[in-house]
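Chain nomenclature is as follows: A, B, C and D, assigned in order of appearance, with residue numbering initiated at 1 for each chain independently.
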Amino acid sequence: MMLDPLTLVLFAPLFGAVAAFVFPRAAAAVGLGAVLVTCGAVLWLAQQVLAAGAVTVALGGWEPPLGIALRADGLAVAMLAMTAVVGLLVSASALDALREARQQQYFWPLWLLLLTGMNGVYLGTDVFNLYVMIEVIALAAVGLTVLSGTREAVRAGLEYMYASILGALLFLLGVGFVYLQLGRLDFEGLNSAEPSGALSAALALMVIGLLLKTALFPLHFWLPAAHANATAPASALLSGLVVKAALYIFLRLSTYMPLPDEILITLIGTLGAGAVLWGGVQALRAERLKLLVAWSTVVQIGLIFIAFARAGQIGLTESWKAAALLILAHGVAKAAMFLAAGRIKDEVGHDVIRDLDRSSIRPTLAQFTFALAAISIIGLPPSLGFIGKWSLMEGAMAAGYWHWVAVTMIGTLLSVAYFSRVFAGFLRFDRMRGELAEHKGWAVADIAPLTLALAAISLGLMATPILSFLELGYPFGATP
Amino acid sequence: MTDTLTEMLTTLNGSLLSDAPLLPLFILLTSLLASPVLFALPESAARLRAGINLTVAALKVALVGWLGIKVGQGVVYDISFNMLPGLEFKLQADPLAILFVSLSAILWLVTTVYSVGYLERGPHRARFFGFFSLCVAATVGIAMAGNLFTFLIFYELLTLATYPLVIHKGSAEALRAGRIYLIYTLAGGLVLLLGTLGLWVLAGTTDFTPGGVLEDVVAENRLAAQALFVVLVGALGVKAALVPFHAWLPTAMVAPAPVSALLHAVAVVKAGAFGIMRVVYEVFGIETAQALGMTAPLAALAGVTIIYGSLRAITQDDIKKRLAYSTVSQVSYITLGVALASPIAAVGALAHLIHQGLMKITMFMAAGNLAEGLGVKKVSEMNGVGRAMPGTMLAFSAAALAMIGLPPLAGFVSKWYLAQGGLDAGAGWVIALLLGSSLLNAFYFLPMLYRAWFRDGTIEAPARPRIGWMLAAPPVATALMVLFVGGFANAPFSPLEWTRFVVAIEYQE
Amino acid sequence: MTDPVLVFDLLLAAAVVALAVASLSVRDLFMAIVLFITFGLLSALAWVRLSAPDVALAEAAIGTGVTGALLLKTLHHLRYVTGTLDRDPPPSVTPATPVPAPVIWANAAFCGLITLGLAAAFLGAPQAGPGFDPLVAEALPASGVEHPVTAVLLNFRAYDTLMEGVVLLAAVIAVWQIERGLSDAPAPALGEIFDGFARLTLPAIVVVGTYLLWKGAEAPGGAFQGGAVLAAVGLLLLLSRLYVPQPAHRGVARWAFVLGTGVFAGVALLVAGGGRVAFEYPAEHAKTLILLIEALVTISIAVTLAALFHGREPVALPSSGGKKDA
Amino acid sequence: MPELTPALIYGVTGIAVFAIGLVGALCAQDRLRRVLALKLCSVGAGFILVVAAWRDPPDAPDPVPHALVITGIVVMVSATAVALALIRRLQSLEAEDDA
């Protein structure tokens, strides 16, 4: 048997999921091991990509269009790495956060299947295969959403399921049209196709499906409840990682099937702006901490689409980088934030924002982590979120798109406003019931979110290497 | 073989010790690295915390002194790496940076001593000193930022690090003040981000260069350059408390006394004023700024702020509020000196950056002592406090008289140069302004001194004020510095001398 | 228009559309499901007409058969939980919350937009455009099987098929996870007569399923259809209470669920090496391996579909069913 | 007016079925009926793919779309099963809360 890292990245979590399901008592150990192996495989793959550029494997030895190929370039590996690292830390915190044996027993196989699906998406080069992958993701994600078993979670999970199925079906129909038009399904084929109206319609269908899955305003309706009611590790995975899969497919597709015209790009940007404003207002009104964080995901998705739409003067070849930076930044920071919110809820006993300051228990370290994550999400220097926002605004300004700059700034102010509601709850002490419990920092469970939050901030200092890594294998360059 | 090794070792040794190219970074890291350690210390480890604080603060003063000597000898420090393609994170130690970094290092040491005494048994000390340390790191970063981008990074860090300090008491009032503070400064920071981006897009660089980087842009697009000036100075004006962006400063008075002292003397308002200096001198260049027609309005705005702040100060009964409005007024002297576009006024502005810091920190620490020792928080309660706390009140009086501009105290020196500069720039109104302002200063400071020394106490003074040496000594020390920098203004390595050195560079004489 | 086959096409199409509308608009949910099943069977018929017998078989067995059974079971459960099992006519089981008018308009606009796009795309696409057929025909001899659909499913695009198994696995894990500690609604049971019928038919169905699987290598049929037919066995067993899942069977069930996927993935990995990549079966063993995988996948599909029908994980419930779980 | 062929007839049928399902999925209020509607959408999409494989004369259709539809059917039954399980669970929880 000869392994290559591409296959290993896919199969390690898959075998892990199978083993974790068959041996429920050892689920946690198996799961953690599988995630570790996946991390190693991603590292190995990154090394190969660094050395030789994009890596491709035609599975079964059948070259596309007949067979399916896996391809890893800089962008794909960056997404894989983000997923693996965030996944590893979320896994570590799940060991503590999920106290019921039953939750542990189901969390691991579902999460590993989710990881399989996401890795498959990042490596996929075939639109039908991507459809199957997003379904793997969808089912596992719904399973994770309802892990807590509360009525609200199940209700939110059902809405999520409807949206997910519908999004996938729209995507499938788009795939059907692509086949009808081109007779092939691989990216290469899409890339060499003559642009036509029918192809644009097919692309539009797929894009709508993806927007539904990634929850771009106004198709975001299912997201806040689903992300707010899941258990903390699940929320972290859903918000930090899962929505990124559809976003990534969107980024890829729009390279291979360029969006037909400026109007559509503007439309997408406008929806992004809508998300930033509407999500911001809803976050200001949210009564519960996790709900606020979930709305902030809606805002951030909008921001990523603005980054995508602002295009700059050189179009997508430039703007995807800002979008990719924001995707990575949000993945890391939001996972940290949800884990921290979960810790706060655990310690305080509730997550009603206006009553946070009544608690005499102050989980200092979790609060600190939350604040650090907020720095990246607001986009304050030197975090990766800041670098992403800077790239966005720089491009927009250079291209003279002042309205996008304005929307971004308003969004930033809104985010300061809604996060400062939370900070006030952390730092106010005169409404406390009873004596302040002595400094309860340094719980082991805080280490994972803290690491993530610190990573979100310090990755900003590494933006230049990250950017040059993203460009390996010309993911969006002149020679795809 | 051995020779090569020896040679290598010598080079290494030489580069590390004698030149120490990373010295600015070490200075930054002293407080930056101390911060997580301080956060992590348990609440009860008070002695260890105090030890670390004082050691690091003293170490920083020593390092800054070394750096100052080196820069005086003409050594150039420049540390940079790419954050984004072409966009650098850059630390440099030019004479202007040395000026500000020395101020912050020395006053941090003093304030640290004071804070240790002040917070002896207060809650959340780990948090306090962690952020305190971070705040000083941010100030050092602001001082040594080699371009506007780096400046922006530390400027935002400063906001984030001071917010928890402002709301340290955790009361509803503190949180309200904190929210106002956060909204003002983060909005200002956002506008600064916009300005930095604009500069980057227009000029392709954000470097601080004496003489400015915008000559070409001004030739091409005058309007854009003017807009950029308004955006940048407006953004910095928020922290510098220029009218009409000053409202956050008086509300932020709920902060504990050492925080107020730091905010007013070194950290926040000074960061704004220092930023205006960098932008006018080294982004636009004083000649370009003048050619754009932007300096005169800025001078006028500074003038308005000076008078407005003083007028408001008179009506305040709360001591700290009165001092806060006084800061609004006094910090604008710096802006005024910059905006007058005369090298002599610039000397005054730079000197005032230091002098105002020394004077104001003395007064805030003294005010803190009054509140701690006697429970006196209002001007109307100050009757007879001079006899109850003579050391503190002597320090306070010296600083107040210096503020008014009594020769040969510190305030007089800066005002003198500002007035000279006004004449030099052909702006005679500055003389009137300074006179008027000094009169107003007298109007709100002298009654305090009168009450303290010449009125009988309405409160029963305790036999021994309940403050330890850690509270009593710092204001006295800074008051002595006020006396020194005024009295020995022309001594080598006095702030004034260094200021002349800086101005020579900025005006490219 | 004179072509009688075209007339048949038009009639069939009209019937399919009419049934689709009817199944969504009829008030009674039971009727809706019955109409849906009819709709599914007619669609399958249409696909036979379009020379897609494999697809038709899969749609009839899985898309209509298993899905219909799932829907009916769920309806039964809902009526049981809400206590409306015996009421006639049965009321709507979910409380209808009024939807605000703007949302309805937005939805309508969304539907309209998409339908327009669909129509435009379809009419703009070439009729009988290019396709894979030449490629498949060329590669078929090397695939190890004779039937092109099977070759595509288990060789050329085996990766997709593996992931399809993963989807099924994810589904059964999710379902077990979701339906814990449910108040134990009695499964809809068949009458005694039907019981006997089941006993008689079961062996026959097993034979048919196995045959389909075997035929899959050269003629329509294959793992999925075979699996679906075998799953029907499972459904009947469950319905007739000939088999009642026990907590002790869970371990075996888990193994059965993962069997197909696990072996499929394992083989895919193990064949790699010596210049071959994953999924690249050695030519001389291709048929054996494919048949092995197909057989195991069939078993897994059958067990998984039956488990999906059964729903909740067979755990020991507290004796007083309907207790709130912790 | 394009020529009337089986491909056209069933293609339009597929689109119609998908559209009907879409309306149902978005506008139906009953949970079960929404699942039904989504299933209709999937059949509609299946029609399009089967039509894409259709060749005239009908002796050698393209096998790849057929394989895709079969995969799609299995995926859909999995999703349906999960959705229905959620519906059952939710109904039980609501019934418990009411009780």
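Before moving on, here are some points about what is shown:
Throughout what follows, a residue touches a chain if its C-beta (ideal position, glycine included) is under 8 Å from a C-beta of that chain, and two chains touch if they have at least 3 such contacts.
This structure is a prediction, so every number in the text was calculated from the model and none was measured.
Fewest steps needed to get from subunit B to subunit C, stepping only to touching chains, is 2.
For the pairs A-D and A-C, the count of C-beta pairs in contact is higher at A-C.
One finds 68 Å separating the Cα centroids of subunit B and subunit D. Our note on geometry: subunit A versus subunit D, Cα centroid distance of 28 Å, whole angstroms. Here the CA centre of subunit A is 30 Å from the CA centre of subunit C. Averaged Cα coordinates give subunit C a centre that lies 12 Å from the centre of subunit D. Residues of subunit B found to touch two or more other chains are absent. Along subunit D, residues 18, 22, 31, 42, 48, 51-52, 62, 64-65, 68, 71, 75-76, 78-79, 82, 86-87, 89 each make contact with two or more other chains. In subunit C, the residues that touch at least two other chains are 114, 118, 122, 129, 131-132, 136, 156-157, 160, 164, 167, 170-171, 174, 178.
Pairwise chain contacts present here: A-B, A-C, A-D, C-D [touch as defined]. Against subunit A, in their complex, subunit D makes its touches with residues 18, 22, 25, 31, 34, 38, 41-42, 44-45, 48-49, 51-52, 62, 64-65, 68, 71-72, 75-76, 78-79, 82-83, 86-87, 89-90, 93-94, 97.
Across the complex, subunit A is touched by residues 106, 114, 117-118, 120-122, 124-126, 129-132, 135-136, 139, 155-160, 163-164, 166-167, 169-171, 173-174, 176-178, 180, 254-255, 257-258, 261-262, 265, 268-270, 272-274, 276-281, 325-326 of subunit C. Across the complex, subunit C is touched by residues 1-4, 7, 11, 14-15, 17-18, 21-22, 24, 57-62, 65-68, 100, 102, 106, 109-110, 113, 116-117, 120, 128-129, 132-133, 135-136, 139-140, 142-143, 146-147, 149, 154, 157, 170, 173, 177, 179-184, 196-198, 201-202, 204-205, 208, 218 of subunit A. Chain contact summary for the complex, subunit C toward subunit D: residues 1, 5-6, 9-10, 13, 16-17, 20-21, 23-24, 29, 32-33, 36, 39-40, 43, 46-47, 49-52, 54-55, 58-59, 62-63, 66-67, 70-71, 73-75, 77-78, 81-82, 92-94, 96-97, 99, 104, 107-108, 110-111, 114-115, 118-119, 122-123, 127-129, 131-133, 136-137, 148-149, 151-153, 156-157, 160-161, 164, 167-168, 170-172, 174-175, 178-179, 182-183, 224, 301, 305, 308-309, 311, 322, 324. Contact residues of subunit D toward subunit C in the complex are 2, 4-13, 15-24, 26-33, 35-37, 39-40, 42-43, 46-48, 50-56, 58-71, 73-82, 84-89, 91-92, 95-96.
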